[in-house]
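Next, two complexes with chain A in common: one pairs it with chain B, the other with chain C.
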Partner chain A sequence: MPQPEFIQERLKSLDSIDRMLLSTLLHASQSVGTLEELKRGNENMKPQFENHARNFYSSLEKATVALRREIKHLDDNVGTRLLPINVNKKATGQDNDKIREQLDILTKEIEGGD
Partner chain B sequence: MSDRGLLEQLNRITDTLSRSLANLVKNSSISKEGDEDEHGNYNTPESAARTSTSGLMLVNAQTAQLIRGIQDLMVMTRTIREKWLLTQIPDENDESQLELDYKKCSQLLEQWEKEVLG
Partner chain C sequence: MVENQSKADHVVNEDVRKIPLAIDPNLIRPLPSFVPPTNDIGSEDQLDNNTEQTPAASQSLINNPYETYGNLPLDKLIPIILQSRGPGSKFADLSEEALLEEIAKEPTQTHSIANGDIDIDMNDSEATGSAGDQILIPQPIEGTLNEDEENDMTHEQFQQLRKNAVLSLDLALNESSLALEFVSLLLSSVRPSAATASMSPFLKKTVPSASLNAEKVPYEKPKESEIMEGNLVTKGWKLRSLEESRLLMKETHKALELTVEREQNYWSKLSHYISRKDVVFRMKDKETGERTLGLKYGYEDSGSRYKQERGIAILRHEPKNNTLEIVPSETQQASALGRLNQERFLRVRIFNKIEEEDDYILSGETSLDELLIPSNNLAEEQDIRRQIARLQFFIFEKELMFHMKKEAANLISYGVSIENENKITVEFATEKMEFEMISLTDDIVMNRQQDAPKTNDKKARLILVMLRMLLVTMFKKQLKRNLVLEQKGESAPKNSPRSQNHEVLLLRPILGKFRHANYLDLLQNVVKTYVLDVVEGATLKDSTIEKTKSSDTFGEQGFDKHIVKLDREIKLFESILRKPRTYLTLLLPSAGEIEFGLESSNYCNASTTVKYINDSGTTLFNTKFSNFKELEDFLHFIVSEYVKENGTQV
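So, the complex of A and B:
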């Protein structure tokens, strides 16, 4: 089902947040990897460790700031674009689909009777 | 509001995540101290083993916490996605389509009435 432009924008933004979160985890694992090398006495890894740690914090910051903005968007649109209650409606198009199905059957019945 | 709950959750997870890497580095040095103990004090290898084991356990716990934190944040983005998709108020287009359906429905019913009753 095609979504309105604003919602598509939000979904794209949430996708990019997911990517940022994954890169945060990647930087964390790289930091731990270089830390392991450092513990083995490889002092050359120190700038790399610093770099990875810095990247970890910066991507974490970016992701959380973007996520905070998304929560604000959500808050702003409750009542205008979103329902203000928590409803668990998983199959919303069902009743409309049913109407269309019944109309199709009726059409067939009438046309068949001619 | 549920959004306030989301914000609080975000704050809590960010706090944990930003601390967990620092804790990871801190705890990894415990295991190193343990190694040093092992070299310096051969009489008590058990305590050295205990220190390094507890260091290792802490490192594991911190790593797990880091991963879980990121997971929680991804669950949060999913929750927000679900909110946008499932609780959105339908556009006017849908309503006009429904009106069309009603017209068609009344026509069909009239036709049916003629065919069956009249």
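So, the complex of A and C:
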């Protein structure tokens, strides 16, 4: 029984945030790489460096905004979807599951037998 | 001049040491300390004097003669000033204008003044006797001074200022003396004679000359090439660190990419398989130390009181196959203890006794549960729900065996014995049942369908199903008990093991049913041989339903709906849980009837009540037997005494 759509959506969103944060790291490494080239005297790298730095900031910004949005979702849903307190959930109803299962077997035995 | 001076010294010293004539010794006493310093430095006499005085002024390296002036109280200072100005001069005559005039004259006749000073000094010391009168009256002079000074500043302010000035002077002098000493000592190694001249006696005494040395350190200007090299190295380091940080970030990115991939996989699987009904909570994976999610699959919250296993599993991502797997938290501990195979299931086997030999033959056994047969479909095999179901199956089976063993321990007198940790056998007259926990091994899975179906297979399966249902019923009873206690506002009491044992009803209801059927057979046989075969027209009928009809009344009032619901569910099993009882009515033609009641007080034993009501409706006998032999005799007696007689009468 899969989780409801809203939960799936949130998980997907959190995953994309993860990926955005990951790309910030990539852009950062690229920026440092081009900066290194620049320091070596390779002036042609200037626009590239600019580009990487811009990418770094934009991905960071996107990730931050998305994260804030998720936190807002969290806040909004306290009291409706989420309980504001910690509740120890109980695994109830397993007795009924078991007895249903056994009744099925029993039915099969009685109907199928003889 | 030197003679003069030494003479003066002599005179003064004598004055002090010997009899003061008209002079207060207090006035003269400071003189020796400051008179000599007025002379030029360098003269042997003075140096001696100085060394003599060092004990008195031991604190300072250099004896500062002016210091003593500053320390003098005003009433001593003024007479000294007057002394220096020569006899006959009055303090009151001193005015600013006169002093300015004197200073103006000074530069021109510095030398003469200096000489004159000494002369005056000399004269003064000689003329102390004559000038004594004037010197002895400083009080009025001071008074006039105070009056003059009052216009400009207070006495205290003046004192303060003078003190400060003297202090600064002292300091400067001391510092410069120290510098001189240092330079002299430094110089002493190169030019000893020149150095000793400027050294203070104290230094000469305490530090050996030529003990301080220094070398000249030349300052080298760095070369052009060196500067270049330094710059290059700096730049190289910078570039290198940039490169390293770039690589570090790149590698981290790569590693994190894998982690993100894994996380995404984990959560998507989780969201797909785990429903709201599942109890998922955060916990720590003891094996890897990671924070992860746990899942409760045990029956603890559904009424189970099995505490051997907690029924908690960890939802773990299996990186090898990129799948989600569920690992019971106990497995880790169990494998540490060497008990690797926790997957065990209950198998029921029925054996029939072979009459001629004292041996049994297997006549029926339960088959492997579908859940335990590995699926050919890999996706299905990896299905987490299937895995959870398996775990639930195993924990349930274990609990079932656990309770059965407890129950069996008290049933030894009814043919129930615990053969070993995993096996219970129940013996009947013609057959034997085995309840055994079997480890799920590959062999068992492979050989599952080799045997041909046997006659008692179905019976074995039904017994197993019934056992499981009875365990669930026990759960429900426990749930009901908890709810009732909760409603009453009491906490669940710690049940003693004894009462717990008493509540276990797994083997006994089933066993009781079989035994009861046997007893009933016996009873019917007895009745047949002693009554039905003897008395013509007698009929036996089952009156159980009529007798037990009205006994089921449950007090459902006052409880909430959950308890009522549980009650109803438990009641579904009433017919098996109830202690077996059968009522038979034997109708004797024109001789009344005999009522038989076959009952059991503990499911396994049997007692028979016999009630004989004669034709006219009076109860002649109402008695109880736990022994069928006695019953036979009794029946024989009744038949021969009442029925036969009656019959012959008829």
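Definition applied: the second predicted complex is superposed on the first by the 84 of 114 C-alpha atoms of A that agree within 3 Å, B and C clash if a C-alpha of one lies under 4 Å from a C-alpha of the other, contacts with A are read in each partner's own complex, and residues count from 1 in each chain.
Note that in this section a contact is a pair of C-beta atoms (placed from the backbone, for glycine too) under 8 Å apart; a residue touches a chain by one contact, two chains touch by 3 or more.
Computed from a predicted model, the values in this text were never measured in an experiment.
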Scan A:70 for contacts with chain B and chain C and give back first, second, both or neither. first
Determine, under the contact definition given at the top, whether A:19 touches first (chain B), second (chain C), both, or neither. second
Examine A:106 and indicate which partner it touches, taking first as chain B and second as chain C; both and neither are also allowed. both
More chain A residues in contact - chain B or chain C: B
Touching A:95, do we find chain B (first), chain C (second), both, or neither? second
Of the two partner chains, chain B (first) and chain C (second), which one does A:2 touch, if any: first, second, both, or neither? second
Taking the superposition on A as described, I'd like to know which of chain B and chain C A:33 touches: first, second, both or neither. second
So which bits of chain A does chain B touch that chain C touches too? 3, 7, 11, 14, 18, 22, 25, 28, 32, 35, 39, 89-90, 92, 96, 99, 103, 106, 109, 113
Which residues of chain A touch chain C in their complex? 1-3, 7-8, 11, 14-15, 18-19, 22, 25-26, 28-29, 32-33, 35-36, 39-40, 89-96, 98-99, 102-103, 105-106, 109, 113
What does chain B use to touch chain A in their complex? 1-3, 6-7, 10, 14, 17-18, 21, 24-25, 28, 32, 63, 66-67, 70, 73-74, 76-77, 80-81, 83-89, 91, 94, 97-98, 101, 104-105, 108, 111-112, 115
How about chain C: which of its residues touch chain A in the complex? 235, 238-239, 242-243, 245-250, 252-253, 256-257, 260, 263-264, 267-268, 270-281, 296-303, 392, 396, 458, 461-462, 465, 468-469, 472, 475-476, 479
Using the touch definition from the top, list the residues of chain A that touch chain B in their complex. 3-4, 7, 10-11, 14, 17-18, 21-22, 24-25, 28, 31-32, 35, 39, 53, 56-57, 60, 63-64, 67-68, 70-71, 74-75, 78, 80-83, 85-90, 92, 96, 99-100, 103, 106-107, 109-110, 113
